[in-house]
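Two complexes are shown next, each including subunit A; its partner changes from subunit B in the first to subunit C in the second.
So, the complex of A and B:
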């Protein structure tokens, strides 16, 4: 009998629930049973729970295609994007919890937007170039094709927060910029359009809340859903910053 | 009552909304962006394949310019587009992309020398020019004469949105996240902002503004299977409709993308076919050349989707438990190409299908993808009927796409419309007519109406289940208002949706009674709005007895210029009406630069308008005369259909290209 013809599994999905707006509520686990379907993802399973079992269940999906980074959560304890997690790759008993460290909106819904906005403002993640005024009619500035590809590689971060949740350092230093922040600095440092000097980057992350705070546990690298080269970029920034400090 | 005052309220934090925000900020005005999700998570991020702009840097783009882009866009629209708007758009697309390059998008660049590409299933060598090295390159997309679609791998929308949002950070644009506009404040034909609901706390807030911009994207989620993000529910269109004053345009113009994966409906970019991918049937046979010998897999989207459906109806589809599908084969592009230029596609195949697209074929079928219709606006982005209300991007019917949008023209529209509409809004804010006086009692009245509606949903016992109504609506749209349409099914759809609309007034929110973050409550009020939007689509489709672009009627296969060269206009003047009110806006052939012709797909079934040959001779005569006088292409274009004066001064300049105006 082929896989498809077997009786479908009954998934037991245990979810850490809490509504901070409800003074009577307290964090607790709740388990729902869902019949598994072919190609079922946690996006499908959670919507089924909301639609048929408990319509108050809170979670965040937007693109449901692994592109937007909204739906990061702990799946069996590991930070990942829920939308692209196929249930068939998991045991029949699945536990889900909101990503730690971020402000909780309710159940699996977290306020990553606020955290990431703070990070972007702090690291000023935009091109700094006051001298070069944009002239929209003129040919664009040239860039080496390989360099453009390299920048794009780092630009692929979706700000999902998995690396933050998987970070040991941030547990102890709440102002640590995390791999997401360091990757952004590496991205702008690489970009010749950004005229910030090494000293300016050093000012921003050359301390224990920045690149020197990282304890090199590298949980970030393990959990990044976009497989960003976080380990090598953190190492690169360290060497660069150290050179600068000397 | 909490009231927040601002110059410009922008509803929607995707590419279009953010570009409007930075534009008005630059002109010194205050702006607040309301967004359901962090702006970087907006649906713009899902645009994969690219942005059209006629830069003509790459070898295969040589000879491209605004004229060719314009002609492709008009043909693609099946002559439904507003040609002045399409001209404004094609003129500004190169500016918009250069602006984005300046702001940090790492556009993929031209590499000088030889490279291998796959064209029509054959390996060919393309030699890129030395002097183009390092400029922005482009790939091929459907329905275009030149390779014009600029990209960053297949994460173009993501890179654009990140650059745009970062620019908004730099400009200190105020972003109010997880705030949903649920109604517009308006009085005597003037819009004064919106009532918004905080999705975390449930609080209602009145935003009072001189100008209000809706940039909430499309309404794809009224269909059960769509490539759209789940937030693309048409709520922006619905709140405009619910004013009873603002109008929607061409709501029946719905695009189906040929290649979404089965069954989940996630997009694989047109870049797959642009880069040389093929469509195959159950026998592994490449069928598109049989139907469209010239453009094959790269015919316009509406055409490819119909041909695929036709082929499946002939029994050539691959059977699966989720219905028939076809194959997209990109294995011929090679692993290296896929891992560099189609990496999102690769991730999607791995994660959702468990296959490696460098080795295996991808199961695909046409799926709802884009809303050409939307809030009907003038070329300035302002509603034709509700002053002070603006719209940009997919939310709007501006109208540069007519009845079918070309791939690569959507993200391009978002930033071009955003940059232009920001200027028109700023001009408006700097004029005396922008001043407002609205009594706060009236603002409170609007807030109270919404509060009462929410209270009713929460307090009602034994009412309708919103999920059931919504699922039924989605099925109706899918079954009866799909790729191929006919009068009988459309009538059935309208009748049933009318009934659902009635039942939706009796929705009650079961179990989950929280006033704060409450997905059941959100689903309840959105369902009521979505059904209204669905009705505008179904009714528009029923009444339009012709086939044009993506609107394809089996019972009226001809494009009927004599009777239907017009835009559908929908409004909902009285909340108690059972159906929206339809009217039509003539599209004047006499003012066209490019009078209606044959798109070049299949058999020409067009019923032409009497005026078409007259206008064509006039255009030809002007062109011939000016050519004889040695006038350049800009002068000739300007004589046929002037548009440049309509643009803001700063965007009127002629675009540089390699070998042109440099």
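So, the complex of A and C:
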């Protein structure tokens, strides 16, 4: 094919580099040149850089298939998963930076896990059912397949942090719960096994750090690599939480 | 189990912001169309004016009705402003964060929100001026009186800025309202959102064209009409005295 006949592009990949643990280091851009290969993803390109240019470059990968959510970063300013980003869809000059807001480990590597753990503890993202807690041998209640699908759809969140980095609100107001949190709350709100009342959910997200802080900028919806229905679910929660206050 | 008392205010504030915005947007959609009656004829604009002054209901004109309307809309306007200002960037730091974020992401809907902040801020001032004049001089509305205001009282530039800001703010606001509450959500929300966005852009363009057309007509009348015997319009068919 013609793609093979043409000389491969030389990609100029500029990376925001900084090691917060090195007192002498300061944030700076460093540009690497990589020859593009067919079907190349940013994951492949970054490994190429680490192997052939600079083995001190820090970035995270586990699954390479958009499932683990480790490789989220800003690609030309937009949060996305590097392993699912084909270089051929980008210009030859690519800018990479770590996601904002999360603790920086170094270069492109960030500590999303710590932030997400805090969020899950804050929202208690597990089934609450006092009466059924110790009866692990009992059969689970049946659920309509359509509802199970809806819950499963929301459970596909991989906690990559793209929605947090894409949210203008949370950049200004750090206590805002973000789309990842609201998506989880919607998931448990839908689940009939979770016996938390609407008042209890309201207690958790019925303020301006919760669903009423959302300014509908829809960065979350537009950057979510898993295409979760975030706008729709935030609207759902907004309606449900308003019911409490009428 | 002990029931904890929840604070219902945040939900109500959010709802009220949306509700007042919706009322104002619907109002402005009617307002700009009624005012465009000047494009049909002076007589038409006069009849629309006296309709709002109650002529067709009471057989006489009561400009006080306009004052009352202006006061009502003005109150909703202020309430909406109070509620919306909560969301404004509160400091230079916030402002810098949100502008840099929006530019870096090149994200259209974040940009639309910035337009809401800027046009909303503009309207604190120009909207207030307009509302106060309608409140205090309700009798000076009509094909000649309004034209005189546009040209002789130099309200033209203010109305131009008000038109651009209010039309953008209203339709972007309606679009955002639909997404905020999940109104008119299709099975595929990406498709329904894209349709709403297209409709929003079309309505902004349409209303700006209609509004600019009327403003041009008022300006033309203001510049060519002989105001030597006052600004009152004298209808050929309807004869009455104002109260």
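Annotations for the structure displayed:
We take it that the second predicted complex is superposed on the first by the 237 of 246 C-alpha atoms of A that agree within 3 Å, B and C clash if a C-alpha of one lies under 4 Å from a C-alpha of the other, contacts with A are read in each partner's own complex, and residues count from 1 in each chain.
Heads up, the rule we're going with is that a residue touches a chain if its C-beta (ideal position, glycine included) is under 8 Å from a C-beta of that chain, and two chains touch if they have at least 3 such contacts.
Please read all numbers here as calculations on a predicted model, not as lab measurements.
Model built by superposing both complexes on subunit A: subunit B and subunit C fit together without a clash. Touch criterion met: A:137 reaches subunit B, while subunit C stays clear of it.
When the shared chain is aligned, subunit B comes close enough to touch A:156, but subunit C does not. In the superposed model, A:24 lies in contact with neither subunit B nor subunit C. Within the superposed three-chain model, A:117 lies in touch with subunit B and out of touch with subunit C [touch as defined at top].
Look at A:212: by the touch rule set out above, it reaches subunit C but stays clear of subunit B. Look at A:235: by the touch rule set out above, it reaches subunit C but stays clear of subunit B. Set against each other, subunit B and subunit C differ in how many residues of subunit A they touch, and the higher count belongs to B. Of the two partner chains, neither subunit B nor subunit C is touched by A:174. The minimum CA-CA separation between subunit B and subunit C in the overlaid arrangement is 13 Å, rounded to the whole angstrom.
The intersection of subunit A residues touching subunit B with those touching subunit C, taken from the two complexes, is empty.
Interface residues of subunit A facing subunit B in the complex, by the touch rule stated above, are 4, 19, 21-22, 38-39, 41, 50-51, 54-58, 60-70, 84, 86, 105-106, 109, 111-114, 116-117, 120-121, 124-127, 132, 134, 136-145, 148-149, 151-152, 155-156, 158-159, 191, 193-194.
The touching residues of subunit A, when paired with subunit C in their complex, are 74, 77-78, 166, 168, 171-172, 199, 202-203, 206-208, 210, 212, 214-219, 222-223, 229, 231-232, 235-236, 238-239, 241-242, 244-245.
Within the complex, the subunit B residues that touch subunit A are 37-38, 40-43, 45-46, 55, 94-99, 101-104, 106-111, 133-137, 152-153, 155, 158-159, 162, 165-167, 169-170, 175, 177-178, 200-202, 229-231, 263-264, 266-267, 321, 340, 344, 347-348, 351-354, 467, 509-512, 514, 516-520, 523, 650-651, 653-658, 662. Chain contact summary for the complex, subunit C toward subunit A: residues 3-4, 6-15, 86-87, 89, 94, 97-98, 101-107, 109-110, 113, 176, 179-182, 185, 189, 193.
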